[in-house]
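Quick one: the structure is below, questions incoming.
In order of appearance the chains are A, B, C and D, and numbering begins at 1 in each one.
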């Protein structure tokens, strides 16, 4: 079922205005190239789902793609704030941004429920915190065997799930090594999927502690070398920590950000 | 926290009469050596938990170790019946055997709940079947978000979890490649754990598509080469399909079985 | 139908035509969750004949296995070493099967009833004191619940084809129209039942099994006589294509491997 | 306490003694779930000094990481390549953390209250229009819920030490005795709060934070003045051991790595 096409075609085919879209990758393998293509295609009113919005959603939010953000930790890791995210929440720039926030465990379990074809799953957590007051997607239910109260979280099933991976074979089987985050879960939970990869190869020869995600979960594979920069792809290139530090200055004011967006994203074809 | 000791000492320390014990391994890595040691130490009144009782529990049941069996598929794969299991259920020989049966998905999820520190988890399944009529560990609950009815299964938390693996390092990290079954879940769900391994090595150098289970989940590691025979250990030895076929004859009548038990298990020191 | 030494057209056993017709139910490129026993033979036959790109899924964890010989168990080493991926058992059931990614589930059982419900647990009316204790459920209940469609393969006789199964291990269409939906069973249920006599398909209204084809040389009366309830018969009962020499050769090579 | 150029005994900053005392809370061989920021510095310092066998766990998946330099994010490549195992994020939270296998969780936050509850979500009284939008929860709520014990490290001032946090991101002892049990929080809660002024521990009765030690040169009045509620003080307030030259050297080498 997997088709190898250009990223431009894949985004045009799969991502529509108003969709719920998850671009995942936990620090590792963040699909920046796909995000930039969505920005270039000027998608609007997206509900963006992601555990750690990171620079990738800071850029999409600043570019005006998002109407809502579902997330669990919205910082620039080791650096500080996400300034476009804050500007959208605090000042509705460039458009108002609705938010729904969870814990990492809650988000991970919401993806697990989605991947499992369940409307919800159960976990310990949220109890005693202020988080449930601000979302409809957490409830508390009683164990039918012990009576113990546990948290229930609603499944997330994005319209489109997009991840980056190191490699794919020509059948569309996907290979990842290093930090795997929720890449598998978001592909399985999403109605439509795109995977950008460093390279398409004939044979996925094993790499240390790798996982393979079978092609059944993949609609489109796009070969995009460097597609995770300034995040990293273990075995290909390292995290560009300087770019993460530099983002703090670039994103600090709107005009500086807008200039960056034109030069580094919109004007690239 | 992991200690390397003899299998004899590990079983003596961890497995007591009346315990709930899970010896897992899905076709691959079935811990026969540990089972035989439990038989030799003449443990009684065990509740044996295992998805596929297989020859390993047929032998333990025939030897009189079990008072109850919790399982999901009780056959000799590709061969036919488990004759000691049937003799115990149908004729209470050598002692009566209480049974509780589930589907594979149900058992797997009961281990998942146990490994996750949850009293239960939810799944699709059991609905419309006769299985829930014969166990207290399945219930039906409503999704708090959609109202949909789903199955809930109670956690399994064995007193002792025992698995076989290919290798361990000296810290007790466990390495498995090939079919991993529910090895990880049973170790995490159990109060006490024993892992028999083909070899203890200084360094767990990567093997194709391997997983490593950190030592935090492991109490005792016992080096027992061949400890999964007549099951197999990928990379060490193949499944002894002839032994599985031969078991049908050995187990067919009580006297033949008893002679086998004495010669191959009890009289081995 | 028994071993034949007659004409070329009869040179197959009842089990052989069942397996060969069974293999034809699999389409190239689809994914198939393969149950223990005959389904594994049939799926591996299809992969060697018309469906080389069939994705074989075994409950022990392998996805995309390409075994060179017929495995004895569903967890033989070769299933793992030739697979595209090997996943843990909870992942297999929760993510791949329950998550709705598998095209076809292929099952067999000891009993089947008029609505395609399956029993592989006990024969007899008393669960606590069964006449025959069978292996039990294994992966079948959720395969039957969640695959996009289910194909069932089993020998056709009055002990196996009963009006109501002694124990519902795996749900077909329950007690008829609306049952699957009411119980949240997301897959399409048993769309094809292949026996050594012919092919049955569910009525599109209430899901009751209906004879739609017989194998060459089998009469409708033979099928009715081998079924413990008054079997529905389609207005036109077809005749299955006889095994080709290539199919027979592939099956026999597979069985001896 | 600011940068000092004075005697050897004063030759450290407030942040330095906080980190060093923080590192001492970690015991060799234990497992520690390491939060973002200062906790990562402190845990890596412990591993380079008295606790070489500390098992570092990062929410991105690595268990048993042995990084050669201080990671900027919790998902740097070296954390994975030097780990005993790297697990998927759902497995990390469900099996390893929620399953109760982690000895200590190490957290920081923007606000802490008298019962050790933490806020890393918003500053201000209106969630919809916060004065300051902070990053949010991340892994902290479940670390606080499920680790056998929790250690908190943060700078001590009246903006951070408030009677009641603006938003409960992570639960300490809630509103006092019985709260954790009532809410099913299986871990032991915050047993140690280390600041740049001293150490606070929960009252064994109701869990209210109590000053138990100050760093060399800090007075109890300094701590009271830096806390927005009337802080409980232990009958005997100890003085922490000053940093050793080895500790200071290791910390400075780590920070410049």
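Basically, a residue touches a chain if its C-beta (ideal position, glycine included) is under 8 Å from a C-beta of that chain, and two chains touch if they have at least 3 such contacts.
A quick note: this is a predicted structure, and the numbers were derived from the prediction, not measured.
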Where subunit A and subunit D overlap in contact partners, by chain label: B
Separation of mean Cα positions, subunit C and subunit A [Å, integer]: 40
Mean-CA-position distance for subunit D and subunit C (Å): 58
Subunit D: positions in contact with at least two other chains: 85, 94, 98, 146, 186
Touching two or more other chains - residue numbers and ranges from subunit B: 112, 116-118, 123-124, 148, 150, 184-185, 209, 211-212
Chain contact graph, described as a line, ring, star, complete graph or other shape: other
Full enumeration of touching chain pairs: A-B, A-C, A-D, B-C, B-D
Complex contact set, residues of subunit D against subunit B: 31, 55, 63-64, 84-85, 94-96, 98-102, 146, 186
Residue ranges of subunit C in contact with subunit B within the complex: 36-37, 59-62, 71-77, 79-81, 85-86, 88-90, 93-94, 97-98, 121, 127, 129-130, 133-142, 145-146, 167-171, 174, 179-180, 183-186
Residues of subunit A touching subunit C in the complex: 1, 112, 115-118, 171, 173, 184-185, 188-189, 211-217
Residues of subunit A touching subunit D in the complex: 26-28, 51-52, 71-75, 77-79, 81-82, 85-86, 89-90, 101-105, 108-109, 111-112, 123-131, 133-134, 148-150, 178-182, 184-185, 209, 232, 234, 238-239, 241, 244
Sites on subunit A touched by subunit B in the complex: 116-124, 136-137, 139, 141, 143-146, 148, 150, 152, 154, 206-212
